[in-house]
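Here you go, one structure.
Naming follows writing order (A, B, C and D), and every chain is counted from residue 1.
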Amino acid sequence: MSTVTVKDYRANAQASTWCPGCGDFAVVAAMQRALVNLGLKPHQVVAVTGIGCSGKFNYYLGANAFNSMHGRSLPVAQAIKIANRDLVVIAAGGDGDGYGIGVGHFIHACRRNVDITYVVMDNHIYGLTTGQTSPTSRKGFKTKTTPYGAAEHPIRPLPLALASGCGFVAQGFSGDVKHLQSLFEAAIQHKGFALVNVLSPCVTFNKEQTYDWWRENLVNLDEREDYDPADRSAAYKVVNELNSLVTGIIYREERSDYQDELPNYDPQPLIYQDLSRPIQDRDELLAAFM
Amino acid sequence: MSTVTVKDYRANAQASTWCPGCGDFAVVAAMQRALVNLGLKPHQVVAVTGIGCSGKFNYYLGANAFNSMHGRSLPVAQAIKIANRDLVVIAAGGDGDGYGIGVGHFIHACRRNVDITYVVMDNHIYGLTTGQTSPTSRKGFKTKTTPYGAAEHPIRPLPLALASGCGFVAQGFSGDVKHLQSLFEAAIQHKGFALVNVLSPCVTFNKEQTYDWWRENLVNLDEREDYDPADRSAAYKVVNELNSLVTGIIYREERSDYQDELPNYDPQPLIYQDLSRPIQDRDELLAAFM
Amino acid sequence: MDFTWKIGGAQGEGIDSAGEIFALTLHRMGYYIYAYRHFMSLIKGGHTNYKVRVSSKQFRHRGDKLDMLVAFDQRSIDENLHELKNGGAVLYNAGAFEPKFPGDVDVVPIGVPMQQIAKDHGSIVMTNMAAMGASAALVGLEPDAFDAFIAERYGKHGAEVVEANRKVVRAGYEAASQVTTWRATLPEIPEENKRKKRVFMHGNDAIALGAVVAGCRVVAAYPITPATDILYSLLKLLPKYGGVVLQAEDEMAACQMAVGCNYAGVRAMTSTSGPGFSLMTETLGLAGVSETPVVIVDVQRAGPSTGMPTKTEQGDAFQAIFSSHGEIQRIVLAPATVEDCFYDIQRAFNLADKYQCPVIVLTDLALGLSKQSVDVDDIDFERISIDRGELLTEEQVKEIAANGGYKRYAITESGISPRALPGQEGGVHIAISYEHTEEGHEDETPFHRVSQTEKRIRKMSTFDPEEFGVRLSGDRKPELLLIGWGSTIGQIDEVRQALAAEGRSVAHLHLSVLYPFPTRAVREAIESAGSVLVVENNAFGQLQQLIQLHVGHYDHMHSCRKFSGEPFNVSEILSRANEVLAESKSVKEVG
Amino acid sequence: MDFTWKIGGAQGEGIDSAGEIFALTLHRMGYYIYAYRHFMSLIKGGHTNYKVRVSSKQFRHRGDKLDMLVAFDQRSIDENLHELKNGGAVLYNAGAFEPKFPGDVDVVPIGVPMQQIAKDHGSIVMTNMAAMGASAALVGLEPDAFDAFIAERYGKHGAEVVEANRKVVRAGYEAASQVTTWRATLPEIPEENKRKKRVFMHGNDAIALGAVVAGCRVVAAYPITPATDILYSLLKLLPKYGGVVLQAEDEMAACQMAVGCNYAGVRAMTSTSGPGFSLMTETLGLAGVSETPVVIVDVQRAGPSTGMPTKTEQGDAFQAIFSSHGEIQRIVLAPATVEDCFYDIQRAFNLADKYQCPVIVLTDLALGLSKQSVDVDDIDFERISIDRGELLTEEQVKEIAANGGYKRYAITESGISPRALPGQEGGVHIAISYEHTEEGHEDETPFHRVSQTEKRIRKMSTFDPEEFGVRLSGDRKPELLLIGWGSTIGQIDEVRQALAAEGRSVAHLHLSVLYPFPTRAVREAIESAGSVLVVENNAFGQLQQLIQLHVGHYDHMHSCRKFSGEPFNVSEILSRANEVLAESKSVKEVG
């Protein structure tokens, strides 16, 4: 494999329309470095996004992309992987996209365990639509749609992923690009569905979960020697106790992925297979109906 | 309140088309008794169902009902409660309905915490459509749609509810109507969203999770003196350890419900309020636009 | 000449298997069979029946009438007696109930204690086999006629079970032979039938088979009556070719997945029925604007909403043609026969690739679930060859990349922008749900908006609906033109023949493409007819409205609609046709 | 006489607030204002502008041309100069950039160092206030013209902020006064304007206000541009009346929730735009077959799919009328003005209750987001009274229960089955998505299917689309008939007046109801016109197709379509109208 650099990605990327300081810049940067570090070229990667500020991730990443609809990145991403298992598939979107309208797909992607990486840029707000309550906004949070404070309890992505059987659960922070990069690398290398929830400040519409606020409150579990990400119940407990204010690899489990379970699913990607075989099998195929 | 009996419910109920021995009979029976025990008359109750064998729950219950579409019982049920808080609202459906196509609504209903009861008749199979894999079918389970065995890990309703912030999480078994009735009563009395997942055998299409199988494997937590349903992490751990093979009240938390959080939401049901007030406020209302 | 037989009982009594054994056995003997299932959206207890029409020649519907009814219970008599011909037989489960008939009917009741026979010679669950034996006797088959089939079907349960079933069949045969002299005469089997290879399949099977032949390798779907059988067939077929049948969490996901696979270059489809199809509305728009091919099969059932899951209807044409917000290009096909299903699904994949748009294939419950005898020669694997449209090769992409770079949404004269695939070096690109530039960058400026919209509209201009999908039979300048679409072809054809036999001048125009609409062909046919009758299985007259929209309003256009959930009977269309003929005659007399 | 002003810059520079201050201030002075926002679906950096048309009389669109442009950057000049009239002024942010103009334009550039002024007298974020001050000077307002407004808007940030803003305004005023002699003349304000009470609101506001007046008490919705403003208005209005604004998890849930509330007897609605509306397709069918009232507002934006979130289009008529599998009854309204929005949403609730079906209100971005001056007398709270249709009282239910029992889906002559509500003793019933008996029991027998379907169709027979929703103005037997629907009314009206002023005989038919279609009125108008031009903001010509479907095909019917995402300019329609007039004239000359 000839060497690849971040420049190869930047060559395809568009000029950004994110607000200066937006946490999502770090996400793109970390992902580019992770991909480069893994020796992956832009044409070997597909980013599948939903709609939101975060949904523009793919414009700035510079790989292949499918920018699907609001909440629908995961079904498209899983399908692309099934069609061409040689591709590295990254689904990406926002907290509203992934845990609001799209949460059903998320739960089912966790249990289906197709080998893709899912990056959620979790800013606890609807950014693109200029500041409404998101499913991860805390109860009582005041936004344009909840001037009296949000009435609902927030979605808690990490417990949710754990409860849904997700085999790789991590949380990163846009304020620490290096750590984020390491999480992305681990997630991409993980066999099966991998979630990286990124606490990614929206500097324009969320004045509460700021860089400083996160920095003050987050605990990096990767740095805790006594933390073992192999025990699901323990992970759940720690996340609960620390009120999800953690970063690092929360849980990781080696196991078969969806494709391993499929009958007669070839190591050679479907896309490269010969379509004309059924013609030769005509008699046999018809015999089943006689 | 004049006395109500199960007969009052039966008077409205239709003849059943469930297979003899179906677990769902017990669910209806337990619910009728629970409602009667709580002194609730059929007209004070609304059952909101999805589509499935379980979705026919309301036909046999004999209360008011809205039989919505596959996977959509919860949004309708929450709305009915908001419109008329005097009604007792029971949403009911199957594992496919609630944890498959409808799981997004389920997650959000947990966190929204509208004061309704949700009964899932969990038979680990699609019954009405004659035996396909459901989201709670175990990995490897062979059905018409997975002749080679299901490739996905199952949804685990109890951890999922716990992770989603559900304030009342219980599991019952159709083989124990009395216990089921007690769970329903507790769920209805719980302030906020309450889940009762009922292990309800499909005698026709699921030959694995039979009455006997459940009887052999289930542990009733209500009978365990040392079990305290007030600790979410502990509940998660026990459920995980026992592989969800438990019955009883798994978790319960007293707290405010969605309606408590709404600004200026009246104790008098919306439906009984006067609609003509804005006319008197005309000048004031228009002043905001001047 | 044909013979019609029906077996009825409660859901769960093995009515379907009995019907299928009867049908398949006669099919194998050389008859042409059409089998129609009547069932309900509940598991146990409802009335269910299975009707088998047996003929020496091919035909396309279940037949209005009945020669013989096998009744497991009184309800089976009550619900089906009206179909029985005068002098027809009712073979009933004697002992299980005492049959009651209205006083004035001319029917031959034949009591055979089928349940008792089953108990005595095997077990009570084999009551249906006793009925088979008795039926064999009455229609003049040998007592061992079903042996082969029984071995096939029950072999996996062991030799004992097979033997017990056979015994029960024989006992039923004996009992019936003795109890009555009534005998049905089956049609002759022409010699050529025996030479011909034929398959017994329904529309759903043909869709599945055609999809595999078309190179479809991923099917993502969610179970729903009456479409799930497509999955069952595919589960048998696809893994052989490394393909994947994926049960999605819902129909939105299923359709998005089909889009995703197609984006990655693998032919993929989803299959569903009305309620699931409505959930795909959003994804139609995505495929439309991102110009991603996708094939959607909608096996229509009676709507709206949950509606009647086990009843048939042609109610989804509007949803197929007009749904999704905004304006997208799409193609809607409506196969009329099992063979059409096989070919149209292949065409659908070619069209989707060629025009880079969603292609919707509308069948219905009647076509999807009614098994029929089809000549193997009519299931030609080579008639339609795979055409992937403007799909670039690795080399082409490299060349384009070298000459200015690849543009996914390049403005071209044809309106079609060649597709690169992810994984091709130099072809890095974005497929997108926003309006966009040629490069696939989100863009809201009028220039790109207008040029991309015009490009998308332009690309359909080479699609000629009349190239296929339009069948015209009968007279050129007919007194009466019958127009239909989809699964009603068999009944309409019989009506045409019946009227022609009476010396009427009739034509039959049948459409298998609804969008883009075959305007010219329809106009010509309508304008050369004395009067027109549009026949469809719905209440709103969706085809008639499409004709008004695309062709025009005609005083001589009438309609014949049925929306009870049942397929048409020939007699219903015939009497409406006669009304129209009478009317138009009287108009002429006055005018 | 009117005056048009526009301010443009990068998203995030306070362009919107500046525009709004300018507009509202002139509105309060007694002018009629139409304000149009141009923005993009991104947060920072895109070009945004705010156009204000100022007139002494009411009108309904933004105007084609521009008297004065305030430009924060070169891009604002590049994108908007083409609108500027000859001799118009460009007030630019001197020092921030050096403006470039094409050589041949007749423009008065006026440089004011707005950013510097803001820095010097307040802070850089007040650059827009410097622009306001400079604008005030050039259009002849007093330097304190905006004071009141500034206090209102920035009061909550403290007196200091208010003062700083005012200072910047004044400094901008001074600077501009000195730098140029160019002055715009604002129109006279008629005395009566000052007596009239007027509000400044957009279609979304009017929808919200009308909903509250109609007794709507629950709104369940999911945020989406350009519909979210309806929620913002309702969040201010509803809690006062104990009502609830519920942010649902998605649009499927939102619509199902609105159905649930209506089932329980509380008027409820959902509001969305195209992508969300497509997700409600399923629920349309549910409301249809369960006969539950529900009101859905679709503020159309440019589709398909995600499309262009901040651009306008009339692209969802087909989806509104035809979508959802199977066949359901529904009503589709399309308000043309802010006042229409206020009344039509009230009508929608009455119609939904009366016909127990979904009622869809189609507005669009242009109508939904453009704030206008409206006479308070035209916002009449008592014009439309609440009519809940056949909703039974507790007593009526008891009586019915005593006389044979309540049947939710009773077959009635009108087709409307009176509704009991859950909670009413004796009224226990089932609302259902399956086909059903009169009692609401799931049923698939032809008898119930047919009688229920016929009942549902019958109930719409008393709906007369021509009772409202059809406006005809201009000549009776015109040379040219212009037909439009929804938000294009202002431009078409100006075209009609312009042609009339040239001595042409013109009429304008405007539809605010699309389904059931006002066939008779449209036919009469079309058939009495020399030629017809159908004007709509889409590419497919959806209204034109509806006319073909319901009324007929006409050789003298032409179309004028715009699908760039922008509202029509008067000139665009006018030139197309002149083409049609010329054509039809030459045809006449030949014939």
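The working rule: contacts are C-beta pairs under 8 Å (C-beta built on N, C-alpha and C of every residue); 3 or more make two chains touch, one makes a residue touch a chain.
This structure is a prediction, so every number in the text was calculated from the model and none was measured.
Greatest Cα centroid separation from chain B: this falls to D. The chain pair with the larger count of C-beta pairs in contact, out of A-C and A-D, is A-C. Centre to centre, using the average C-alpha position, chain A and chain C are separated by 41 Å. Averaged C-alpha coordinates put the centre of chain B at 38 Å from the centre of chain C.
Look at where the CA atoms of chain C average out and do the same for chain D: the two points lie 44 Å apart. Residue positions of chain C touching 2 or more other chains: 41, 239, 249-250, 275, 282, 285-286, 290, 305-306, 433-434, 442. In chain A, 51, 56, 67, 69, 100-101, 103-104, 107-108, 135, 148, 262-263 are the positions where the chain touches two or more neighbouring chains simultaneously. Residues 12, 14, 41-44, 46, 48, 51, 56, 58-59, 62-69, 72, 74-80, 82-84, 86-87, 104-105, 107-108, 262-266, 270-271, 273, 275-279, 281-282, 285-286, 288-290 of chain B are the ones touching chain D in the complex.
On chain A, the positions that touch chain B within their shared complex are 100-104, 107-108, 111-113, 135, 139, 148-149, 151-156, 159-160, 162-165, 232-233, 236-237, 240-241, 258, 261-263.
The part of chain C that touches chain A in the complex is made up of residues 28, 197-201, 205, 209, 212-213, 215, 217-218, 220, 236-237, 239-244, 246, 248-250, 252-254, 256-261, 263-268, 282-283, 285-286, 290, 376, 379, 381-382, 386, 421-434, 441-442. Those residues of chain C that touch chain D in the shared complex are 40-41, 273-275, 277-279, 281-282, 284-286, 288-290, 298, 300, 302-308, 310-311, 313, 315-316, 318-319, 321-328, 433-435, 442, 444, 446, 449-450, 453, 457, 538-540, 542, 545, 548-550, 552-553, 563-566. Residues of chain C touching chain B in their complex: 12, 41-46, 222-225, 228, 231-232, 235, 239, 245, 247, 249-251, 275, 305-306.
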